[in-house]
Amino acid sequence: MSGRINSAATETEVLIFKKENRLKEIWRRLKKDKLALAGLFLVCFFIIMAIFAELIVPYAAAVTINPHNRLARPTNEFIFGTDGFGRDLFARCLHGARVSLSIGFITAIATAIAGSIIGAIVGYVGGKLDDIVMRALDIFSAIPSILFAMAVVAAMGPGIFNICVAITVTSIPGFVRIVRSAVLGIAEQEYIEACRAGGTSTARILFRHVLPNAVGTLIVNTTANVSQMILTAAILSFLGLGINPPQPEWGSLVSEGREFLRTAPHLTLFPGLMICLASFAISVFGDGLRDALDPRLRT
Amino acid sequence: MKKINVTVALLLVFSMFFAACGQDGTGDVSSEDRTLRLSTRAPMTTSDPHGTINIEDLMVMRQVYEPLFRQNELTGEFVPLVATDHAISGDGTVYTFTIRQGVKFHNGDELTAEDVEFSLQRAMNSPRVRSYMAGVADVRAEGDGTVIVTLDQPNAALLSNLAFVFIVNKREVTEQGEEFGTKLNLAGTGPFRFTYLVHDIEWRLEAFPDYHQGEADIKNIHYVPIADLAAALIAFESGSLDWLIAPIANWDGLVANPAFNTELSIGNHISYAVLNHLNPPLDDINVRLAIAHAIDKQAMNLIAFDGLAENANFMVHPDKNVGAPSEGVTYNLDLDKAREYLAKSAYPNGTHVGTINVSAGGYFERMAQVLQDNLMAIGLTSDINRMDSASNLERGRNQQFDIMTTGFSPNGDFDSWKMYCHTDFRGTFYNQYEGDVFDWEHMNYLWAKGVSVADVAEREAIYRELNDWIMGTATQLPIFHRAGAYVWTAALNVPVNYPNYPIVYEWSWK
Amino acid sequence: MHRFIIRRLLMLIPIVLGVSLLIFMIIDMIPGDPGSMLLGAGARQEDIDMLNEELGYNQPFFRRYANYMGNAIFRFDLGRSYATKRPVLDEIGNRLPVSLIVASSAIFFSLIVGVPIGVLSAVKQNTLADRIPTGLALLLSSQPGFLIGIVLMLIFSLRLNLITPHGIANWTNYIMPMVSLGLPNAGRQLRFTRSSMLETIRQDYVRTARAKGATERTAIWRHAMKNALLPVITIAGNNFGVLIGGAIATETLFGLPGLGSFIVTGIRSKDVPVVTGGIIVFAIIFALVMLAVDVSYAFVDPRIRAKYIRRKGLA
Amino acid sequence: MSENLLTVKNLSVEYRTDLETVKAVNNISFTLNRGETLGLVGETGAGKTTTALALMRLLPEYTGRIPNGEIIFDEKNLVTASDAEMRMIRGGRIAMIFQDPMTSLNPVMSVGDQISEALEFHNELKRNKEEIGKRVDEVLNMVGIPPGRKYDYPHQFSGGMKQRVVIAMALACEPDLLIADEPTTALDVTIQAQVINMIRELRDRLGTAMIMITHDLGIVAQTCDNVAVMYAGELIEVGTAADIYKSGDHHPYTAGLFGSIPNLKTRSRRLTPIPGLMPDMSNLPPGCSFSPRCPNRNELCETTRSSIYRNGTHAVNCRLFDGRGRWIKEEKAQ
């Protein structure tokens, strides 16, 4: 810790200095990691783009059809070219960001929260609870996400929120399993036994000691999930279980472009690029955050 | 670093091995017994011709089994196969078929009238093909040469329906019993017979030497299921398939390629929009007429089918179906007229017409989005609900929808459109005309009259009136007839491509 | 330890019951019925009812479920597919090996590619040797399933004309599916290996190993790697389980008759025996894979093995 | 081979991070003969462990640097030795025991394997499997652990037992020099005594030279022939155990150290700790680094460094001894 205290300081001052210092410390380390910064910048860029999409290109441009200008190559008028309906692909990608990013973030974070809580408890407590919960998860992960999505849509009707529910529920088992394996390793550490010996409550141990130590795996897993969620949403909406046309969404743009892959590759290229860049940015920022948060990594 | 070199070495070995293994099948086998390699979009579900109505299966069944008469999909004319001739009684309820003599089944048995009687009765009891035997009261074999089919009421479309009922060998079917259809059988009379059948992986046919019309030119056929169109096209272009119904998107590239023969033929199918006359604002005839004139068929054709389809004025294609009228009430793009009707309607400055339901996947989705855009042009807003086919079908059946973009294939006779209008077929159609909105009894009367008359010109007149009646309701709006894009290797000689079911018997190697 | 395994195998029964009940309920909830699906739009209602009757779909929910499960457990008869009338067990019989080959080859590929590069990028953290593979891994793992497959097909089947792109005629058909499923999984494997290696590489026992005179590679591979195995095994096991039933896009693209596409076709045509039977078999295999993963934990980490032994009352 | 085993001349070690450069060790020199034990004493953070890691060339890869100085071990300069040469020395000729036994052992490898591994790295005698196995049993016996337990895993041993395993591992290859970095700090007193006695006994039996790094003067008294007191990266007083422990002339810091040890004989209620804290190693004061805390400092101390004053085997780095009695001032540039 480079926050060395040269002069004698009162107890509280030290604490404040310590806390504020830790955030400054994390930010300092993050700033040093150029790639993570680029990632953060790109993520903010996408979010801003999604929010102010309307100002950049009106939504109408993304939905008005022009049969005589179909599958046009990118020109300066249509930066990304046009899709099978003659609609401006750039506008569709822009307005698609709003849906895709929200799906990607909401489901990834929801899965992360639910997954890590269950995973931590199951990995730490073990015994009967571990068996029951893990077997229940085995049941859930056996159900294909498509069937689950159909059930959710049949019960609660279509729509973006229901799709997020369907995707989240089907991806929680995988996440729990990963967190559990990380927690199994951590629960064996001596300092955990020390806390237990010190009479700290299980909940406090879990959230103050166990999970922070699994933060590396959590972040990596969550960031990896984001692109996966966007693509799963596309598969579901392609089966008629999610976002209805003409609402643009990155995943369905890629799937629609698939048919013209050989004659008009730009239809798959640009939305695919968007998904890659978004998940690349999020993952790289996640990695940078992971390294910055890890106190032992003094480079 | 040593670890990484190992991985790189491994990948190198892989790629070298790639280059080593050659390509199977394109060797220059003598053209005489070269194998014809075809693909279907889904694995064959059954080898029982009475156990399926799905197109993928029927493509194979057509080569192995034969009906009494086959109807030529393009000309509508009937080709005698198992039967040589037929006679219809005065009141049109008794059909007498004379059975061809000397026809052999693939298992060597001689075809008898009893086999025909057994097959027709079996079809009547199989839920999947029962609808083709609609109206048939009794089937009786008389002696060896004739079979008598009696109807409870006249049905001129019987021959078109019977073209979908295949004749099987009674002994083979009864012997296999419950297992019939789940494995290889020799119960057919067609030009090819099964030699190898592993349902999900591959099925092979060979030319039947004792075929009653003479042995086929093509000696062997391999069918392989390829669900993905892009993969099938790549398989064709890389030479491991000889004939394919190609994806529309790559059509120009294929036409330009000298190594391939290509043919584009308009299919006997109609893609159309359905308006539910029970749900306001669609209960207002002027709104429906406005919509009818707002639909841009050319835009639909361009976007949904790359311009290769044929814009349609009639639900049933006049040249491809017996009795189909070629004149009558039609609607074409005319925005002024559309706005006129809208002005006369209860919603002069536009309204929200509801939801367009469509099954996910396929070009119907694209039609829905074009329709939405067309309606926007005259101030009618709508949204689209893309559903999986099961729920879409359910909604359609119970008339829980506002607008739908869908399609169906008539089977060669105008009467086959009846399933989508006649009130008896409650389970099949989307528009239930029964009720106090329309004079539906008159429509039913016309349907019944149409089939009770044998003379084609007379039938056409009746069906013209019927067509005008239905088009008048502006509930079923024809948009285009989709095209079949056929491509085959130059070494293959394909005289004609039928829209749905190729007849390999007519093909030959160059 | 074997007591633990036996107990886990006994747990398969509740899993199978749970899965089948859940599926029966879900399918009942979804609109549509097998009759209308199989006969299509043009069918008449009475034909549909007759077919549903024949298939036994009209019986009350619990009788149908009881019949089905009765056959499944006591006579290992998973019923006959509505569409093809063929016993579901036979269908799964020839489809399961295909799925297992595809899944295991893809996971094998992802381990060979993912783990070593993951370790390398952890050791050489924040240098080019770390950035490039991590970046590439991200690029690959955020690709839709079909894209890599089609690109491979364009190169190897069309341009180089080396492999027939469909069917399972010979083993070369499995190369492209392996790569197109293996690459995204390799990307994920790489990132997890890197993350867990970063945590173990700075442990004191790795320094002790160096103090004993170990080469850098021994210190990394024998000491650090062995401790980083837990998450690596979990990911591999998880991906393997998912791939068996989840490689639908690849199975469809390459025309491989796998378990995934079999179940999905069943779902879309409401073929209850196929969906239930298929998912029950998949659930059993998935549970066995998870059991294998848990057992392998014990082999890798003695402390976890001790946990099982302690639970046997020795502690 | 000469009597002198290790000579360290003007050794400095820096930790260079993006933000600051920490001068952990500044120009220290000392020598060590075969079979002798040197005690390296000082507060936490004085640079003791850094010195040990420098000797073993185990400084962190990116940040650890040795800007100047030599480490001559058996006529070989370890600072410029190649990695391959260092690998032969580490574990074979110089072995190290780390402070925290809890984390020094690989949790997923059996204790026996971890010891035999060291033997495999340094298998000049080409021992085969059984011979190595026998050697492992031998070494375990030496540290008082029943050989039967060599298949157990670290989590099945107590802290004290783990430290014995670490010691066994270090002595397996009979190194010439053993560096013990606060071997007993993590253990409780009773176990501490056992471990220290065992180390001393093994050292005498095997004739191993040793550097005992500790802040516990009691341990130094029991085990060391010579003592070097380290403060802020510098050796401020070096001498034989006798020189350091007999009262009289001492560097003020050393006096302070002894002053802060509770003495059972005299009834003193208050200890006299040294006021203030260690200086910031990233910006050391120009003069004597102890000057801020030194009771008898003068202006000179704060501005210029003192030179070393020697009296026989006893050397002190403090200006107080200028011209006092038998203390001779040594020229700076040795």
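We call the chains A, B, C and D, going by the order they appear; numbering starts again at 1 in every chain.
What we mean here is this: a residue touches a chain if its C-beta (ideal position, glycine included) is under 8 Å from a C-beta of that chain, and two chains touch if they have at least 3 such contacts.
The shown structure was predicted, so the numbers you read here are calculated from the model rather than taken from an experiment.
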| item | value |
| --- | --- |
| C-D against A-D, pair bridged by the larger set of C-beta contacts | C-D |
| Innermost chain, where centres are averages of C-alpha coordinates | C |
| Whole-Å separation of chain centres (CA-atom averages), subunit C against subunit D | 54 |
| Separation of subunit A from subunit D, taking each centre as the mean of its C-alpha atoms, in whole Å | 49 |
| Interchain centroid distance [CA atoms averaged], subunit B/subunit D, Å | 89 |
| Rounded Å distance, subunit A centre to subunit B centre (Cα mean) | 45 |
| Multi-partner residues of subunit D (each touching 2 or more other chains) | 107, 155 |
| Junction residues of subunit A, two or more chains touched | 150, 154, 188, 239, 258, 261-262, 299 |
| Subunit C, residues touching no fewer than two other chains | 30-31, 146, 150, 154, 268, 301, 303 |
| Touching chain combinations (by label order) | A-B, A-C, A-D, B-C, C-D |
| Interface residues, subunit B side, partner subunit A - complex | 229-230, 247, 249-250, 252-253, 296, 298-299, 302-303, 359-361, 365-366, 368-370, 372-373, 383-389, 391-392 |
| Residue numbers on subunit A that touch subunit B, as the complex places them | 63-65, 67-68, 70, 84-86, 150, 154, 158, 237-241, 244-246, 258-263 |
| Subunit B-touching residues of subunit C, taken from the complex the two chains share | 30-32, 35-48, 50-51, 54, 83-86, 91, 94-95, 112-113, 116-117, 119-120, 146, 150, 153-154, 156-158, 160-170, 172, 175, 217, 221, 252-255, 257, 261-262, 265, 268, 270 |
| Sites on subunit D touched by subunit A in the complex | 17-20, 60, 62-63, 102, 107, 155, 280 |
| Residue ranges of subunit D touching subunit C (in the complex, touch as defined) | 56, 58, 87-92, 95-96, 98, 100, 103-110, 117-118, 121-122, 153, 155-156, 166, 169 |
